[in-house]
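Shared between the two complexes below is chain A, which has chain B as its partner in the first and chain C in the second.
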Partner chain A sequence: MTYSYYPGCTLKTKAKDLDRYARLSAEALGVTLEEIEDWQCCGAVYPMALDEIATKLSAVRALDSAKRSGRDLLTLCSACHHVIKRVNNDMLTNDDIRLKANNYLKLDSVYAGETKVVHYLEMLRDTVGFDKIRAAVKNPLKGRRIAAYYGCLLLRPAGVMQFDNPENPTILEDFIKAIGAEPVITPYRNECCGGYTVLEDKKIAERRSGMVIGSAAAKGADTVITACPLCLYNLEANAHGEGAPVVKYFTELLAEALGVK
Partner chain B sequence: MQRIGVFVCWCGSNIAGTVDVEKVASSVAGEPGVVFTTNYQYMCSEGGQGMIRRAIKEHGLTGIVVCSCSPRMHEATFRKTAQAAGLNPYMVEIANIREQCSWIHKDKDEGTEKAVILAKAAIAKLNLNKPLTAGESNVTKRALVIGGGIAGIQTALDIADAGYEVDIVEKSPTIGGRMAQLDKTFPTLDCAACILTPKMVDAAASDKINLYTYSEVEAVSGFVGNFKVKIKKKPRYVNSELCSGCGVCTEKCPSRKAPNEFNMGLNNRGAIYIPFAQAIPNVPVIDPEQCIKLKTGKCGLCEKNCTAKAIDFTQKEEIIEREYGAIVAATGYRPISLENFDEFGYAHNKDVITSLELERLMNAAGPTKGVLLRPSDGEHPHEIVFIQCVGSRDTSGCGKPYCSKICCMYTAKHAMMIRDKYPDTKVHVFYIDVRTPGKNFDEFYRRAVEEYGVDYIKGMVGKVAEKDGKLLVQGSDLISNEQVHIEADLVVLAAAIEPDPSVRNIATMLTASIDTNNFLTEAHPKLRPVESPTAGVFLSGVCQGPKDIPETVAQASAAAAKVIGLLSKDKLTGNPCVAHSDELLCNGCSQCACVCPYGAIDYIDKEVNDHGKREVRRIASVNEAVCQGCGACTVTCPSGAMDLKGFTTRQIMAEVDAICR
Partner chain C sequence: MTVNEKELAERVIEISGVNTRKCMKCGKCSGTCPSYDEMEYHPHQFVSMVEKGQIKKLMESKSLWTCLSCFACIERCPRSVEPAKLIEAVRLCVIRQQGANHMKACSVPDSIDENMPQQAIVSAFRKYSK
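Right, the complex of A and B next:
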């Protein structure tokens, strides 16, 4: 299986690990990631303004590039996935945005939301399959107690993201079981880490991230995994302390279990 | 040639607002056969009906067209009017110029034009109408009630009281239903068991009522007055005739892993069990999924300890066939699954419970003997949060769009009872609105707030998280516009209620319609609330819509009254609009019999006279008592032999011609 791959800016700078281990693991699982050419920043935040077209254009370019190559578009960073998936939904369902974006971009053929946007985790679940991953694991992470941290962006708005049950998701827990570890369910796994508020009011991010890490520690987790560079930053920067679980990208643990780290 | 009168109704402004009724009446005056036209404000009123009767006599009318509302609404009314003036009731045609015309058009010219066309079509059909006479069928003087909760019990008791035989089919091992699980009942706080169990006993003791517990309806055929029903009796593995109900077997059973359904899974029961102490019949049942003997062949401790020799592992499923004149659906409800509402942490925290679970925790016969203890550690909770509307009035698609109607009142009841029994306990209730429209309901709710100091918070909860054995409840208080954080020991969710899932299957068997929420549909939302649109099928209790106990009992008695009215008749007048086959055209191909959903078509060998040629042919013969006039056979018949009285092919083509003219 070959995917058009959209890594995003952070994966080339602060979150190199997220990207590197994803590529190594994909290779080990027989999945080819073909990075699309000349991709641009996704915009980082999905623009809520209805007349805001310009910040959606780079996502449309990436989507159109995948369409031209006839492949699904694979994403990894939660924020990129969120923006690209929602923009794609706009192109599919919103006549006004579709018309204006196409008028501006003047593509070879009109882009109308044809590309399927797939998150790396969805690829693991739906294309590879957790059973196959379990079979491919060389170093099962036995005895590790891992708390999944979903954050907001992968799950909501549930109707558009269609990722998992937003209040009771299971995909990361199933992933943790597949790599041989024990999932630890924490009540704040789908709550916000504080996000970009860290720039304005660090206290908010500290409180939010503190809740996430605190509840994982109280439940005896040794590791918290995430798919989001901003979540990882907030959890690490704002929720330090004795006995706090380490925060890792899920791809790093996958690579470790597959023996390609 | 017919002499036709046309009567155009204004229906107040319902029709006259978008249809020029005068113009409709004058435009059809020259149609073939029409000798009289008029219009009137309310044709269905006594004045309007009198006008029709007088016109029939004065003008010697042989048929009438009423341009008014849907025939579902008033066709029967106008047929009676015509009959009273000496006309055959099937010489009446309705042109629906309301639902299918005035209500959907805004432009008066368009609406008028369409109304004229619809009237012309009805006139064209009426020109070909023939007087029809309905046949009669017998009534089996026995009723079937599906479901043995309070709704089914009350319906059965009332039918039996009128002297008719009635069978209750209940899928679980005992009658009693949800009400048997409740502790106290609002707004009077009398104990549910004290008022329910005497009714259960009455039902069991009545010589007119027959209980089929641990049984399910398997198939239904026939029609009003003459239903044939197959009932599947599941094996109890206990002989009810021999069992003394001593309960020794239930104590000796070593398999104790099955969650106790009656206690909402808060404790376990044996493989052989009696659901609760006052169960009727007081005969245990063996759960074949849990029984060691039935699964492995070893054990049989119950059999060894039964002095009455009532245990019978060889029992098999039994199918019983019975005939009924009327069927009542009383299939009840269940709380919804909370998998879509995990922000409240129900799946992960033992101390987040549903209100029905709380009923069992408060009940003297429940798993804690009525002492309110937390499921996690058996400690007394000192701070309790109730969350209302969990899945009710939900617009997100996760829950149900409707109000479950009972939750506001039972939550007030729970809050009050806890404050009364454990005054040291703080009780908070998060609500969207408090709805108390019932007799003595608002007084009851105010008592909870004013006398018992229950803390009502207008707003919803966003998160329940567990921390160090406490439940952190995060909600919003819309009145003070603040976020609220409460450290609770117990959280109680007022889960929405939904129809019991068995209703879908039963609705299909009864050809009774259900709505988008799986509630059974009534024949008319205001005027026929306990009848299903399918003749002879009646509705009792929550299967028709959310209800509390007083409303359920009222509806149950209303359904019984309808059943008694039906069973008191010796003959039922059938529908004369039935199929018949032209013996000269029929070639006996059997296609009509294959499509008939009622099994109304048989084949006979009959001597026919085909233009002087006499021969015996195999031809279709319709049982007019069974035919429902659906018309499936008439469109299937390849030779055009099948036709429907009152809706003949010629009549329908005449209507189409009139529309296209």
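Right, the complex of A and C next:
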């Protein structure tokens, strides 16, 4: 299976591990990720306003590139996935946004939401399958107690994201089981880490991420995993003190289990 | 409500696409908001104040900058009113004005450290300035 791959700006800079281990693991699982040419930053937040067109265009360019290749578009960063999936839904369902975006871009053919947007975790679950991953694991992470941190962007709004149950998701826990570790359920796994407010008031992110880390520590997790560079940053900045779990990208643990790290 | 406030209220409704009259005032949006304690006006108040046309008070509120865009109120609203879209629209009414950016580029170096991902800076610029 070959996907058009959208890495996004942070995966080329501060989150190189998220990208690198994803590529190595995909190769080990027989999945080809072909990076799309000339991709642009997605903007990192979905422009909710109905009259915001220009801020949606970079996502449409990536979507159209995958369409021209005849492939699904694979994303990895939670923010990129959120933006691109929601803009795609606008192109499919909102006549006004579709018309204006196409008028602006003047593509070879009108883009109307044809591309399927797939997150890396969805690819693992739906294309490869967790059973196959379990069979491919060379170094099962036995004895590791791992808390999944979903955050906001993969799950909500569920009607558009269609990623998992927004209140009781299981995909990351199933992933943790597949790599041989024990999932630890924490109450704040789908609550916000503080996100971009870290630039407005660091204390907001401290309080939010402190709760996430504190509850993971109290439940005896040694590791917290995420798919989002900003979640990782906020959580890591507040994971100090005795018994605090380490924060890792899920792809790093996958690569470790598959023996390609 | 002044003429100017009426226009502002109409603009907020137009760019958010929200129908405030669907709200049944259950308070679930504010109950689930992780930034509740950081806000002067809470998500349910955005709905009722937009309905009443009190946009200027909202435009001056620090609530605009502490909403996390986590979509909890959007997901959990039983009437699909989606208050975060109103907060976004009021925020845009502020930063679309000339010289009214909440975050200025020159302030960024003091707010970041070497580990901060690009995603954080891009997100903050998108939310806090035009």
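Keep this in mind: the second predicted complex is superposed on the first by the 260 of 261 C-alpha atoms of A that agree within 3 Å, B and C clash if a C-alpha of one lies under 4 Å from a C-alpha of the other, contacts with A are read in each partner's own complex, and residues count from 1 in each chain.
The rule is simple: a residue touches a chain if its C-beta (ideal position, glycine included) is under 8 Å from a C-beta of that chain, and two chains touch if they have at least 3 such contacts.
Note that the structure is predicted; figures quoted are calculated from it, not measured.
Counting touched residues of chain A, say whether chain B or chain C comes out ahead.
The partner making contact with more of chain A's residues is C.
For A:233, is the partner it touches chain B (first), chain C (second), both, or none of the two (neither)?
A:233 contacts chain C only, not chain B.
Classify the contacts of A:49 with the two partner chains as first (chain B alone), second (chain C alone), both, or neither.
The answer is second: A:49 touches chain C but not chain B.
Kindly classify A:165 by the partners it touches after superposition: chain B alone (first), chain C alone (second), both, or neither?
The answer is first: A:165 touches chain B but not chain C.
Once the structures are superposed on A, label A:191 by its partner contacts, choosing first (chain B), second (chain C), both or neither.
both
By the touch definition at the top of the document, which applies to A:200: first (chain B), second (chain C), both, or neither?
In the superposed model, A:200 contacts chain C only, not chain B.
Residues of chain A that sit at the chain B interface in one complex and at the chain C interface in the other, please.
191
Which residues of chain B touch chain A in their complex?
339-343, 345, 347-348, 397-398, 463-468, 472
If we count contacts the way the header does, which residues on chain A are in touch with chain C in the complex?
Where chain A meets chain C, its residues are 8-10, 13-15, 41, 43-45, 47-52, 55, 77, 79, 152, 155-158, 166, 191-192, 194-201, 204, 208, 228-230, 232-233, 236-237.
What part of chain A is in contact with chain B in the complex they form?
Interface residues on the chain A side: 159, 165, 167-168, 185, 187-188, 191, 211, 215, 218.
For the complex, which residues does chain C have touching chain A?
Going by the criterion above, the answer is residues 14-17, 34-35, 38, 65-66, 68-72, 74-75, 84-85, 88-89, 92, 103, 108, 111-112, 115-124, 126-128.
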